[in-house]
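You will see chain A twice below: alongside chain B first, and alongside chain C after that.
Right after this comes the complex of A and B.
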């Protein structure tokens, strides 16, 4: 199973920020990155993202396997866009400058290259922010700060349970898979499609049944300790918003608004260098 | 219809999301269309929605997909996160009829209802919502996203139809049983 991104305790500027600030930053950042096709803004975002990544002191080792996986997906997606719509770029930028003829109906155009460059750079604006968020945010601190800003604590708590139980469920998955393989069930890519579906279900069955048991146990324990009896609760890991948090929050809010204004100022989401 | 959010539902949301996230990597690639997979995790979503109701289904859909994407691929494809919640929501609305945890699911009527609902839910989510969001948010070529959407629709129906149904029937049989004893005559 692939190595996943997980929290690592450190003491940097980014680690000291409240979990809520980082979550808000991530959401607004991804939103801005998804909405805009303004190349200049995307480049600025790329630079800021790289800066934050550097400040957060993330080791390449922590993220390399995930990064390589994303690169493969991105390449596949870019190639697919070209084959499905070789002139998407021409339509968007309303011009056509052919560079060379490839085969059949396919011409390589400057517009298409520029459009796919934008799609590609959009990946790179979002990736560092997600890396930073996942490796610098303590799950229980995130739950308490979510509650601190008005999310009902029941929802905050289920987010925390999810983050808490991901490693457990993963262990259990590996255990069940090993047990099934010991019984001689083929799990690799060698089997046929139908066989693989059937064999996958042999893992999912015990996994779901044991999870349902776990739900019973955990919810009984929580009930015994009086969870949910009062409209409010306190947290061990509560961290109040500091002035630095407020600066970061106002920065990202302003940045997001500015991005929207610049992007939609000319009634079009795209930056057009071909005009 | 009122859906209460009790302690059990809160825990189910959390652990269901964890399951969904872990199963993100368990997928069988379909080579024709890139980035589209046969995903056993959809069966988990269907199972939890049918067993615990619409809020649990929607939250597992959104949170599970977003977290799973973020942890394993590090780029959240938002236009496919929200359709996931629609599937959970649709199936969850009928949780009262399914009676999964009371042991009432294993009858023909419920199996048929479940499959009709899942086809409708998946159609709304992947044939309409996901491609439209893709075009609106990411400006991807229309024929590519509709092709991807349709493939996802078919694959999800297959996974939920087979794996989801079998899971629910099996669980319902075990959960509803009061005891293993039978009266002898």
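Right after this comes the complex of A and C.
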């Protein structure tokens, strides 16, 4: 069964990279994507991102619901930008080319459209990389990578445990939902939204209690096997960096530096086609 | 440390939990020697788990309290070494195998303790493959622990503590969540390991008969925080001490005693296979011939009928294959089979959580397929394994009333029905209490009460007694039996427990790999070798007893004895 945004074991180029490489790639990639408004770089990143997504062989089912949620959020964001700052683009690019009058004070301008196009593409450069990272990185490798970049191991391990339990909690949720439905608690689309939200609490309550039961067992089991004994620990699943990892790390580092240089060469973050 | 120095020594140990008034362990004196296999038995509240927690230093390090006396384990004091220090000497295997897996793959789980020791990776890989080899887990190193069978899971949890080269293995109710055949194999595995490695083993368990499947050196019987007996199994089984302290005797021992046999330690009663029955044979035969024979019970009307049910999740693997059976009004039926045989899927199909690919489920002759989950819930109640999975309201009254409140039943009618159900369930005095103030057994009753209030004709219970000791098991099962006898509720139980099936049910449905293997009386199932093998059940020792005594119809002998026990228990209740 394909589960939402969880790791799936496969043997692709991306899966074979070490978790550390992927984490570093993700951090630098998102940093570059967030900093730059250089449209040409964003387009290049969009193409690379799509390529990586394709290579990683991700099933649409795994990401579709999250993708749709992000798309809704993005649309809201773009509309909100237009309503609250209809001439943001004109300020940034220092020019104003009206296309048509909409209503009241609102004119549609080429500059605003171009600015919002840039915001939109930024979403699309970051989203695939996050999807690829989450679905191709073994949670325990992720933990060892986080620890590798300096995150304390207790926190790194908590992240791993959380990821590992997501599928269990999903199953438990379904079981509890079924039993509560049999008792007559309406969870299907028939009930009103408010009622459904209220009824969800009737599932969350037992879900928390049964999870607490499990947490106690796991934390005892971890302690009995010496977790937290020493300030450091080693990782069984840690993979040594291969030469391919080193190439990827060098690439992303150079890419990030180059992006910054190109972006800030003319003194601001924006590529301006209107000048 | 010489061979005759005890590896574990309790000298006058008393322990009182911070939250309690009375000590849970009282003046414990106990010596365990290297290489011994000791079974610690006792009902819940006897202090046996507290004793175990002293050994791995969870007491007093994680559970606070006052401790006096001296405890030495491998020459050190647990309270000074702490949980971490003890983890290198005592390996604890917990009851819940699923719960104690920490990592995502078998290999990592085996390595977990080594990782915490900062062992370099190469050394770790070598040690893990060594332990995996010993436990025949090499080919599963890359698999997720959750995907393994029950027996393999037990091996992984054992391996997880063995990587530390511990000297003592401590098993906390290892059989509680296993099907009978897997439990038997686990006991055999412990025995094999003890022969190969230099280990001392302590098993905490109340299922005496299953542990005694392989030789045990001593049984320590606990009750009320004290050690009642510390004897060899042969001596202990010859006395009546076990029964009077709430521990169930092996069935063949109970049957021999019922027949009036005087068992002596020289007979070797710890195993039915090797026991000398020459002195008792005739007594058993005589008892069997004069005992009241059980009568075939009349069947009620057909309530629920499954016919040619097929189900698969996504066309790949057939989960349920052409299953048909009927449930009659007033019956108590057990649905058994190993983990993954499809038991829960059948329950989900009946309740409407899943829809069958083919086949019909009908209720009093009417097809159920157009009824929603909610509508089915009014005639078929479903009770999950742990009450914590069901209880969603803080107060007992509200929780029991929930099913009626959401159906818009008038307030005064709700009150009347809830009070009535609470009375039946013995919960009326607590009606205004918060659920959190109740014991586990009482919470279980609350969850059953909240189903009963909707007045269903059939209740499906998933593992009603899992993880319960004999006293709680009896409490829950007698309660269900009363419901059946007084209210006429029909009960279908999913279970692993062979005793439950023998003692309480009229009929057993055996599932194996999605097929219905047998639909018959419990004693016929448990005396059928082929069915037991395929469904991971364990043949009852009553069968072996009957065969060894030269009784022609071992199934009937088992039935006769079980009926006899039921009557005895009934007689005690009347008194």
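The rule we apply is simple: the second predicted complex is superposed on the first by the 232 of 275 C-alpha atoms of A that agree within 3 Å, B and C clash if a C-alpha of one lies under 4 Å from a C-alpha of the other, contacts with A are read in each partner's own complex, and residues count from 1 in each chain.
In the analysis below, contacts are C-beta pairs under 8 Å (C-beta built on N, C-alpha and C of every residue); 3 or more make two chains touch, one makes a residue touch a chain.
Just so it is clear, the model here is predicted, and its values are computed rather than measured.
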Under the superposition described at the top, does placing chain B and chain C together on chain A give a clash or a fit? fit
In the superposed arrangement, does A:146 touch chain B (first), chain C (second), both or neither? neither
Chain B or chain C, by number of chain A residues touched: B
Could you tell me if A:218 is touching chain B, chain C, both of them or neither one (first, second, both, neither)? both
Could you say whether A:209 touches chain B, chain C, both of them, or neither, answering first, second, both or neither? both
Could you tell me if A:162 is touching chain B, chain C, both of them or neither one (first, second, both, neither)? first
With both complexes overlaid on chain A, does A:58 touch chain B (first), chain C (second), both or neither? neither
So, does A:154 touch the first partner chain B, the second partner chain C, both, or neither? first
Between chain B (first) and chain C (second), which does A:66 come into contact with in this model arrangement: first, second, both, or neither? first
When the two structures are overlaid on chain A, which partner does A:252 contact: first (chain B), second (chain C), both, or neither? neither
Looking at A:233, would you say it contacts chain B, chain C, both, or neither? Reply first, second, both or neither. second
Please give the least Cα distance, whole angstrom, that chain B and chain C reach in the superposed model. 5
Could you tell me which stretches of chain A are touched by chain B in one complex and by chain C in the other? 1, 160-161, 164, 201, 203, 205, 209, 214, 218, 222-223, 227-228
Can you tell me which positions in chain A touch chain C when the two form their complex? 1, 138-140, 160-161, 164, 172, 175-176, 178-186, 188, 201-203, 205-206, 209-210, 213-214, 217-218, 220-230, 232-238
So, in the complex, the side of chain B touching chain A is made of residues 5-8, 10-19, 21-23, 25-26, 28, 33-35, 38, 40, 43-44, 47, 59, 63-64, 67, 70-76, 78, 137-141, 143-144, 147, 159, 162-163, 166-167, 170-171, 174-175
The residues of chain C that touch chain A in their complex are 56, 58, 62, 83-84, 87-88, 92, 94, 96, 99-100, 102-105, 107-108, 111-121, 124-125, 128, 160-161, 164, 313-314, 348, 351-353, 372-374, 376-378, 380-384, 386, 388-393, 402-403, 406-407, 450-451, 454
Chain B-facing residues of chain A, complex: 1-2, 4-5, 30, 34-35, 37, 63, 66-67, 69-70, 73, 76-77, 79-81, 84-85, 88, 92, 119, 122-123, 126-127, 130-131, 133-134, 154-155, 157-166, 168-170, 173, 193, 196-197, 200-201, 203-205, 207-209, 211-212, 214-216, 218-219, 222-223, 227-228, 269-270
